[in-house]
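The structures come next, written out as C-alpha cells.
Each of the next two complexes has subunit A plus one more chain, namely subunit B in the first and subunit C in the second.
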Partner chain A sequence: MDTQSYLPVQPGVGMEENFLSLDDILLSQERLPARTECAFPRLGFLEKSTDNPDIVEGTKMELPLWLSKGLYDRKRRVLSVELPKVYREGWRTVFNADPNVVDLHKMGPYYYGLGSQMLHFDCPENTEIGQTLLQTFIGRFRRNMDSSQNAYNEDTSALVERLDTLEKALFRSGQSGLNSFQSWEKGQASQITASALVLNYRKRKITDMQQ
Partner chain B sequence: MSDGQLPAFSEDGLRQVLQEMESLFEQNQADVNEAKVGGRADLIPSIKLRHCCLLRNQRCILAYLYDRLLRIRALRWEYGSVLPATVRFHMSAEELTWFSQYKKSLASFMRSVGGAEGLDITQDMKPPKSLYIQVRCLKDHGEFEIDDGTVVLLKKNSQVREQEERTASGEKTGSGHPDVRPFCPQHFLPRWKCEQLIRQGVLEHVLS
Partner chain C sequence: MDPAEVEFLAEKETVKIIPNFSLDKVYLIGGDLGPFNPGLPVDVPVWLALNLKQRQKCRIVPPAWMDVDKLEEMRDLERKEDAFMPVPSPHYMELTKLLLNYASDNIPKADEIRTLVKDIWDTRVAKLRLSADSFITQAEAHAKLDNLTLMEINTIRSFFLDSLNCMYKLRSNMQPSGDSKGHFNDY
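For the complex of A and B:
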C-alpha cells in the first residue's frame, strides 16, 4: 500500500460541512440566486447594478452559499433562495431518465455537494431534490466503479472529465486501490520506494532553477 | 496542491484578510451602537451580513493554517527530522516552532514504546522481508558507515569501498577515483540504515 502521510480534512457528508475541510470551503463558495426579503442599509456597494447606498428589499442577487446559509432564517424575513437551474423540474427529469449521459462537471463541479446543501433552505421541492440526487448517484455508480477498477496504467482523463467532485474522489481512491493491488501482485509491495513528496520537491527545484 | 507539497507562507494574504476583518468589525461596532442608542433596528440585517463575512474569513484562515500544519506533519514522516533549506524557507517562524515541538513529541513517544531502546516507528513503512537489502546508488552521497565499521562510499557508478579518505565536509572527493568501474553499482546493506536514504531518493531498493 502506498502510505499517505498528508491526510487533508475530508469534506462533510450530506447536509453537514466540515469546518476545516478545504473542499467544503470551495463548495460553499458556489453562488445561488437569491432575493432579499428585507433592506440592507449601507451595503449598496455590493450590488453593482444600482448606485443606491442601501440594498433595497426585493433585490435579486447572486449570493455565495456561505452567506445564504448564514443569513437564512426559517421565518423568512431576510432572504429567500431560489433553486439553481440544475436542481429544478426540467433538469430533474433529464437526470431521472438517464443519469449516465449527463456531464456533471459542467453542471457545477459540486453537484451532489451543493444539492445536499440546498436542503438547508426550505424549498417545497426538497424531497424530490433528495430523491433525484440519490437516484443519479446510484445510476452512475456502477459505471464509475467499473472504470476506476479496470483502468490500469492508462490515461483516464476521458473517463474522469464528466464526473462531479465527489465521484472524482471515489474514482481516485478506486485507482489507488487498484494500483496497490497490482503492485502487490508483482511482488513490489515490500519494495521501499522513494517518497513521492521528496521526488516532487526535487522536480520543482529543478524546474525553478531552469526558469 | 493536492499532492501534499508545502507552498510558501502567504504573509501578505494573511495580513490582508486580517485587515479586512478589522474594518468589518469596526463598521459593525459603529452600527451596533447606532442601533442600540439611536433605535435603528433596520441596521441589524447589515450587521448580520458583516458578521457572516467575519466568520467566513475566520474559517478560511483557520483552514489554511491547519492544512499547512498537516503538510508540515507529513514532512516529518517523509523527509525525516532534518528538513532541506528550501522547505524550511517556506515555513513561518511559528510553523518552525511547531515542527520542532512535534519532532520532540514524536521522539519522546517513540522512546516510551518498546522497552529500553525505544521503537522507531518511522521505520519499516512497508513490511520487511529480510535484514539486508540490495540497493543501488542514484546520487552521490559521500560516505556511509555501517555498524561493523566498514565505510562505504556512496557514489553513482562506484563499487563498495572501505576506509575512504574523508574531505572536510565528508563529501566525496573530486573527480574520478582511478578504479571506478561503471558497472555493478550495487551494495548489500542493512535495511534499517538505508530506509531513510531510499525514501529520500538517494538509494534505490533493488528486488532480486
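For the complex of A and C:
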C-alpha cells in the first residue's frame, strides 16, 4: 500500500474551519446571497449590475463566504445573509424523503461543509438545517459504503459524480482499503516494486541509465 | 494497517509439520522449537513451517479445521445465523492463503477448501457491513461484535472510522460551544 510523503490538513470540525485546510479554503469561495444593511461608500465597483459609485443600503449582492463571515455581526448592522436554495424548506423535504436520489455534486460540491458554515449566520431554521445535514449523510451512507467497497478495478466515475466532496474522500478511503486487500490476496503485497517517489525522481531507472 | 502486517501477525500461529531432518532443540527469544526428528510431527510457527517447506525439509500437516466437511458445516451455519459464528482460527484467511500457496500438495482438495473459505469470508464481511450500516443509521454509541478476526476488521477500518469522524463533525454542528457562536477568530 502506498503511503504518502505528506498528509494534507483535514477540513475543520463542525462549525470551525481549519485555516490551513485546502478543502476549507475552496469551500469558503462559495457565494451566498446577501443583503447589505448599511451603505458601503466608494465600493460600487464590486456591484457590476449598477454604475453607482457607492453601494447603497439594501442592495442584494452575492458575496463569497469568507467575506460574509468576516462582515457578519450579531447586531446585524452590516449584512444579512439569506440561505442558499439548497438549505431551504423545499429542498429539505426532498432530502428527508430520499437522500439517495439527490446529486450532491450539483448542489454545490461542498454541501456538508457549506451547510455547517451557514449555521454561523443565525437563522431561525438552524436546528433543522443541522438535522437535515446529519440525516442526509446517514441516508446516503449505505449506498456509499456498498459502492466503495465493491467496485474493484472498475471505472467508478459514474458512482462518484453524484457525491459531495466529503463523500468523495470517504469513497477514496473505502477504495484504498479494498484495493490493498485485493492486492494482498493476489500476492502483490510481497512483490517488490519501485517506489513512486523514486520513479518520479527519474534518476534511478536502469533503462534510462543504459541509454 | 496493511494486510501484509496482519499476515505477519498471523504467521505466529502454530502448525504441525513432519520434518525430514534432525536437529536439537532450538532456543529462540520467542520460545523453544522442539527437537526435530525425521518422521515425527512437531509444532512450529507458520513462518518457520513455510521456510522449511520452501527448502523442502518438511511436510506440512493441514490444521484440523482445514477439512472440506467441517468447512461446509461452518459455511452453512454462518449463512443461517445473523450473529458472527466462532471462527475456525483467529487468522483463518491468512493461514488459508499462505498454506494453500506454499503447501497445496500436502493439503487434499485444496481448491474446494479455497472456495469454501472464500464463501465463509464473504458471508462474514456482508454481516459486518450490515451491522456497520445499522450502527450508523441508528446512530448508536457502542457496538459489541464477537468473533471477528483482525483481517475483517482491517478491511473496513479506514472507511468506517472516517465516516464516524464525519458524523461527529456534522453532529457537533448542533451543539455549538457557547463562546464560539457569533465570534470569528481573526487569524
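One rule holds for everything that comes next: the second predicted complex is superposed on the first by the 194 of 211 C-alpha atoms of A that agree within 3 Å, B and C clash if a C-alpha of one lies under 4 Å from a C-alpha of the other, contacts with A are read in each partner's own complex, and residues count from 1 in each chain.
Convention: contacts are C-beta pairs under 8 Å (C-beta built on N, C-alpha and C of every residue); 3 or more make two chains touch, one makes a residue touch a chain.
Not measured: the values here are computed from a predicted model.
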item	value
Which of subunit B and subunit C A:90 touches, first, second, both or neither	neither
Contacts of A:15 with subunit B and subunit C, given as first, second, both or neither	second
Partner chain in contact with A:131 - subunit B first, subunit C second, else both or neither	second
First (subunit B), second (subunit C), both or neither touched by A:6	first
Partner chain(s) touched by A:194 [first = subunit B, second = subunit C, both, neither]	first
Which of subunit B and subunit C A:185 touches, first, second, both or neither	second
First (subunit B), second (subunit C), both or neither touched by A:148	second
Overlapping contact positions on subunit A, where the subunit C interface meets the subunit B interface	19, 70, 187, 189-190
Footprint of subunit B on subunit A - complex, ascending	3-9, 19-22, 25, 38-43, 66-67, 70-71, 78, 187-202, 204-205
Subunit B residues within the subunit A interface of the complex	2-5, 31, 42-43, 45-46, 48-49, 51-53, 55-56, 59-60, 62-63, 66-67, 70-71, 73-75, 77-79, 84, 86-87, 125-129, 133, 194-195, 198-201, 204-205, 207
For the subunit A and subunit C complex, residues of the former touching the latter	1, 12-16, 19, 69-70, 72, 74, 112, 115-116, 119-120, 122, 127, 130-131, 133-134, 137-138, 141-142, 144-146, 148-149, 166, 169-170, 173-174, 176-178, 180-181, 184-185, 187, 189-190
Touch list for subunit C against partner subunit A, complex	2-4, 7, 97, 101, 129, 132-133, 136-137, 139, 154-159, 162-163, 166-174, 176, 180-182, 184, 187
